[in-house]
Amino acid sequence: MGATGYSGQELTRLLLRHPRLETPVLLQRDNDTRSSGDLARFAPSFSGNSGYPMQPLDWSELKRQQVELLFLATPHEASRTLVPEAIAHGMRVVDLSGAWRLKQAQHRAIYQFEDKDAAIADGLTELAVYGLPELHRESIATAVLVANPGCYATSIILGLAPLLSAGLVDERRGVISDSKSGVSGAGKDATPRTHFVSVADNLSAYAVFNHRHTGEIAEQLDLDSSCLIFTPHLLPIPRGILSTIYVHLKSPMSVQDVGAYFRSFYDGKPWVRVFTSPNLPEIQFSLHTNYCDLGFCLDKDGQRLVLVSCLDNLLKGAAGQAVQNMNLMYGWCEKEGLN
Amino acid sequence: MGATGYSGQELTRLLLRHPRLETPVLLQRDNDTRSSGDLARFAPSFSGNSGYPMQPLDWSELKRQQVELLFLATPHEASRTLVPEAIAHGMRVVDLSGAWRLKQAQHRAIYQFEDKDAAIADGLTELAVYGLPELHRESIATAVLVANPGCYATSIILGLAPLLSAGLVDERRGVISDSKSGVSGAGKDATPRTHFVSVADNLSAYAVFNHRHTGEIAEQLDLDSSCLIFTPHLLPIPRGILSTIYVHLKSPMSVQDVGAYFRSFYDGKPWVRVFTSPNLPEIQFSLHTNYCDLGFCLDKDGQRLVLVSCLDNLLKGAAGQAVQNMNLMYGWCEKEGLN
Amino acid sequence: MGATGYSGQELTRLLLRHPRLETPVLLQRDNDTRSSGDLARFAPSFSGNSGYPMQPLDWSELKRQQVELLFLATPHEASRTLVPEAIAHGMRVVDLSGAWRLKQAQHRAIYQFEDKDAAIADGLTELAVYGLPELHRESIATAVLVANPGCYATSIILGLAPLLSAGLVDERRGVISDSKSGVSGAGKDATPRTHFVSVADNLSAYAVFNHRHTGEIAEQLDLDSSCLIFTPHLLPIPRGILSTIYVHLKSPMSVQDVGAYFRSFYDGKPWVRVFTSPNLPEIQFSLHTNYCDLGFCLDKDGQRLVLVSCLDNLLKGAAGQAVQNMNLMYGWCEKEGLN
Amino acid sequence: MGATGYSGQELTRLLLRHPRLETPVLLQRDNDTRSSGDLARFAPSFSGNSGYPMQPLDWSELKRQQVELLFLATPHEASRTLVPEAIAHGMRVVDLSGAWRLKQAQHRAIYQFEDKDAAIADGLTELAVYGLPELHRESIATAVLVANPGCYATSIILGLAPLLSAGLVDERRGVISDSKSGVSGAGKDATPRTHFVSVADNLSAYAVFNHRHTGEIAEQLDLDSSCLIFTPHLLPIPRGILSTIYVHLKSPMSVQDVGAYFRSFYDGKPWVRVFTSPNLPEIQFSLHTNYCDLGFCLDKDGQRLVLVSCLDNLLKGAAGQAVQNMNLMYGWCEKEGLN
């Protein structure tokens, strides 16, 4: 559900050509006239072939069609409502919104969820697995509800996890992520902020000290929020994220040692590529792929470290990661359908 | 009035630094909460200095402020209403909309004007001078109402006028303008069509056989509509227009002769630059200037001619031309305030 | 050979995931230090995995590796030299350059080929099949040498073929293609013309009456060159082509009839999508796909027709079409490896 | 000299319309065939009018033409050679390169200057005034040699100066500038790095821990290099810089107090605009102006501060600042010729 949005379109594209799947069922959003009819109406790149009709949500119809897994590429409000229903109907869910990513109430506050049944919501919050395969492969495999991570959060968590988990970073000196994202990350709504003339030939910072993904990052990395600064910027490109991350190591290290920590952490994890310092990834390199690309530069003092993390916000930052999670949930190879 | 729009902002910028003018009075649009307060609220590039407050429209206040000339950078519906009032209050008007550009009812139909007083509207239609200085310098000088030309129309008319007026073009073989415009030409409204992700990495044709500027072009060039095809396209750039124009000459000519017609036609007209064939103008060359740049290539048969005409849609295509018209209306040098 | 160029990179990507193929052999270009080592050196998006080494050209080694089909994504000069050798060694070839596309000497003149052995070159010219599957499916299937069409030419020929082949177009009134291409079409060489600052916020026409693809178009459509005007423009986008094509029909037709000709012509041809008038394709719709998208608008006189043809210059305009040709040469489904 | 480069073109434009100046003399660079002839050859936007011929460098001819002030928009190697000559001939110089900006040898090392006469070079180094009017207005007024600041450096120094000079920043906790620049900052040379396809739809970090402007910033702000991290990025836009700057205040402050420090520091300095928190400047706001725009967000702890500084790299970051310096050198209003 949600195939008309940017992430939903990418997801549909991936599911349509996934070798393990039959043709996916596309669901229109309730009471949303924007999503009735054929997908090609909303996304003309889906023109041709036999068409991609979207059907109204009907749980018994879905059961009849033997749908086992529901992908939600819907706003978080919709996901808060739909996930309890879906799970009550015996489905597993991969939710691409922010609705179920956060365990800690302090971080969840920013979303101002209005749940019909708080107890059920709490239960699902407990149940939900944060769908970052590089950190939670095992629990994803058996999860009923996978909360697909935010695009910014994915880029930052994957960049920081190797060194933070090894206890090498002096967190009290601050962890800063200066992140830049293409406009598709801001969604499909036409606003003054997304008008071509407002974005082209421009760059702007926004939501400083105030972005929803901050909680995810802190929670997943077990970081005190007071140590983390995350500044998102809007880039004049359609898609792609680059996070430039600044940390201070507890003790001086060599470039080789830092690189070794990264390589060892991501050994056997096919969707993260570690660049050899001082080579750094660029947004283009991972565009239209499911890779998260990591690189770093270390100051000659051996302590000041600049990390660069890049990914395609619609793939590793959304739809691609959702498919990667599905692969794990079904015991398939993590790369299937993503090449 | 209309300083918050793209053309209005450019016009304000030009008027603020025009050496012959005092500080212009900015008027907010009636009942339009979007245009109350300081201009910087809507266009942050106007931040700083002492501010640019917009005042409500009040004819007697304008009289008190000794305002003689009103620029309207408003939608054509607003201009149809405001122009009769302004002229009744003794002002001269330069209207940047399409409200008063067309003399022939057949071309005007597409606008579906709803005039309160048809007789007054007809009188003003008669009175209005099409504000293309290169064609109508004398009548602009004394005009009460100048209808500032459309951006596409300016680029096409200036490209075609030298050869058409000399009777050199075989009109029955067709006159085609394949025109491409930056997004500011589509206005400031946030729509799916102006969303960054819809425009970036894209090009699209629109309003084929159906664009409002077709009438202006036909009328000014005295062309039968059935001889003219005008196809606009939306370019992934903020501003600028390039028209590629195809005509067939009645008899074979040399490159030198064609060039001579252009040069002679625009002699003494400072805001048109004629490039020496086969050099062609590009959008960048006239960006942020009031120039219309013209160039051409002639096939070796001496009859098939490709013209290229470029201008900045917000300057020579709108605000710059409006200032050029004002200069003529006041007997000043045409270049004043436009360098 | 030629994997480091833009078309070559796309081709490599397609061949790597084609379900019928083993890992392709990448060949470095002779004496070209730019192409030694691993492909990731030149195209960092190929980083990771086990690497993509490029090997020197050695015909006996290729025989040993049981290579049957050679793709050349090289400049036309290189292709003129390499194709005779490859065919002498018993290989079939798909050549993406302009080296073997033209049968008529008048059109070939613009390339100024310097062949070592004119007789062999003439023979291969005779032998070569123009690799546009929608026109030459049968002869491609058995071809030894496929001359993969130019990107502009593909967009224009596919747009015009249905009506021209049915004799519906009044050719003497002229056939005009106003075409616009992304910058990857200009190749990877860093020149003042491809500098970001020269291209961004710009549009320019070039090679008016003088582009190499004109011959292909005329030859394939059996058009007298004097009836055809083809004007290419450089768009500020990385990839994609849109051709706006102007023709005059011999007799008035209805929109339905014109549409029917298109649909019938492309029936069973999976890589052309015909849009229902007045819907028109845009560059985005076919980007990153192998589709050529066609649409049209007909004037109310029933004779003046504006066609719009879009494709991705690196896919349907180059690498995708090359794979489509390979599929035909091996009797596989035309769509294989291209979804 | 150097009118063909990006900064040089902007400078020429400004000087041509500066109300206090006669027509500037354009000098071609020695032995540089690229810079002979008319400026329009290299920058077609200068077409038309009576032309802008560039003359060879001849000191006696310049004396005859009563040239008093020389602007150098040349590479730093050329400036190292030319400045001693110009000053020996009694001229004042504004040098836009990095040749004379640094007093401290440790920072200068990165340039690897090869001076013919070290003593003269040392003398000029001593003599040179860093041309940042907001910091050095008085010494610029009487300077013989003004070293016009780097574009990145201007954005960062102006952002940091108010708080650093007041001793409010805890420097030991690090000062980080994550800066992003348009491509014109990388110069006019066509390289793989500046190819449109390499830059568009991309973002990349470069010269991490290693950019030449680091020395300027440290020197002007009296910062220990070990406290400063400066990471430049290449944006897919032609011009404009945004620096996101991270500092930690020694003691908690209120938003109002921080704002007051900025406003007071820039009181009477017309080319810096301070935005009211939490409003932040964007690149577009200062594009095509000589403004440096500053804004900030303060965390609720009152100590973590994110500054945003924007400017047009070709104006306040180069040519505009050069004109501002000239205005001071001649005792004219700082704003003259820059509106």
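General remarks:
Note that the chains are named A, B, C and D in the order they appear, and that numbering of residues resets to 1 at the start of each chain.
One rule holds in what follows: a contact is a pair of C-beta atoms (placed from the backbone, for glycine too) under 8 Å apart; a residue touches a chain by one contact, two chains touch by 3 or more.
Remember, it's a predicted structure, so these values are computed and weren't measured experimentally.
Graph distance from subunit A to subunit D, where chains that touch are one step apart, equals 1.
When chain centres are set by their Cα atoms, the one at the greatest distance from subunit B is A. A separation of 39 Å divides the Cα centre of subunit B from that of subunit C. Each chain gets one centre point, the mean of its Cα atoms, and the points for subunit B and subunit D are 36 Å apart. Per-chain Cα centroids separate subunit A from subunit B by 46 Å.
Counting partner chains per residue, subunit B has residues 198, 200-201, 236-238, 282, 284, 287 touching two or more of them. Only residues 173-174, 176, 178, 180, 182, 198, 200-206, 208-209, 226, 229, 231, 233, 235-240, 242, 244, 246, 248, 278, 280, 282-284, 287, 297, 299-301, 304, 306, 308 of subunit A touch subunit D when the two sit together in their complex. Residues 6, 183-184, 188, 190-192, 194-201, 236-238 of subunit A are the ones that touch subunit B when the two sit in their complex. Put simply, subunit C touches subunit A in their complex at residues 16-17, 44-45, 47-48, 201, 273, 275, 279, 281-282, 284-289, 291, 293, 339.
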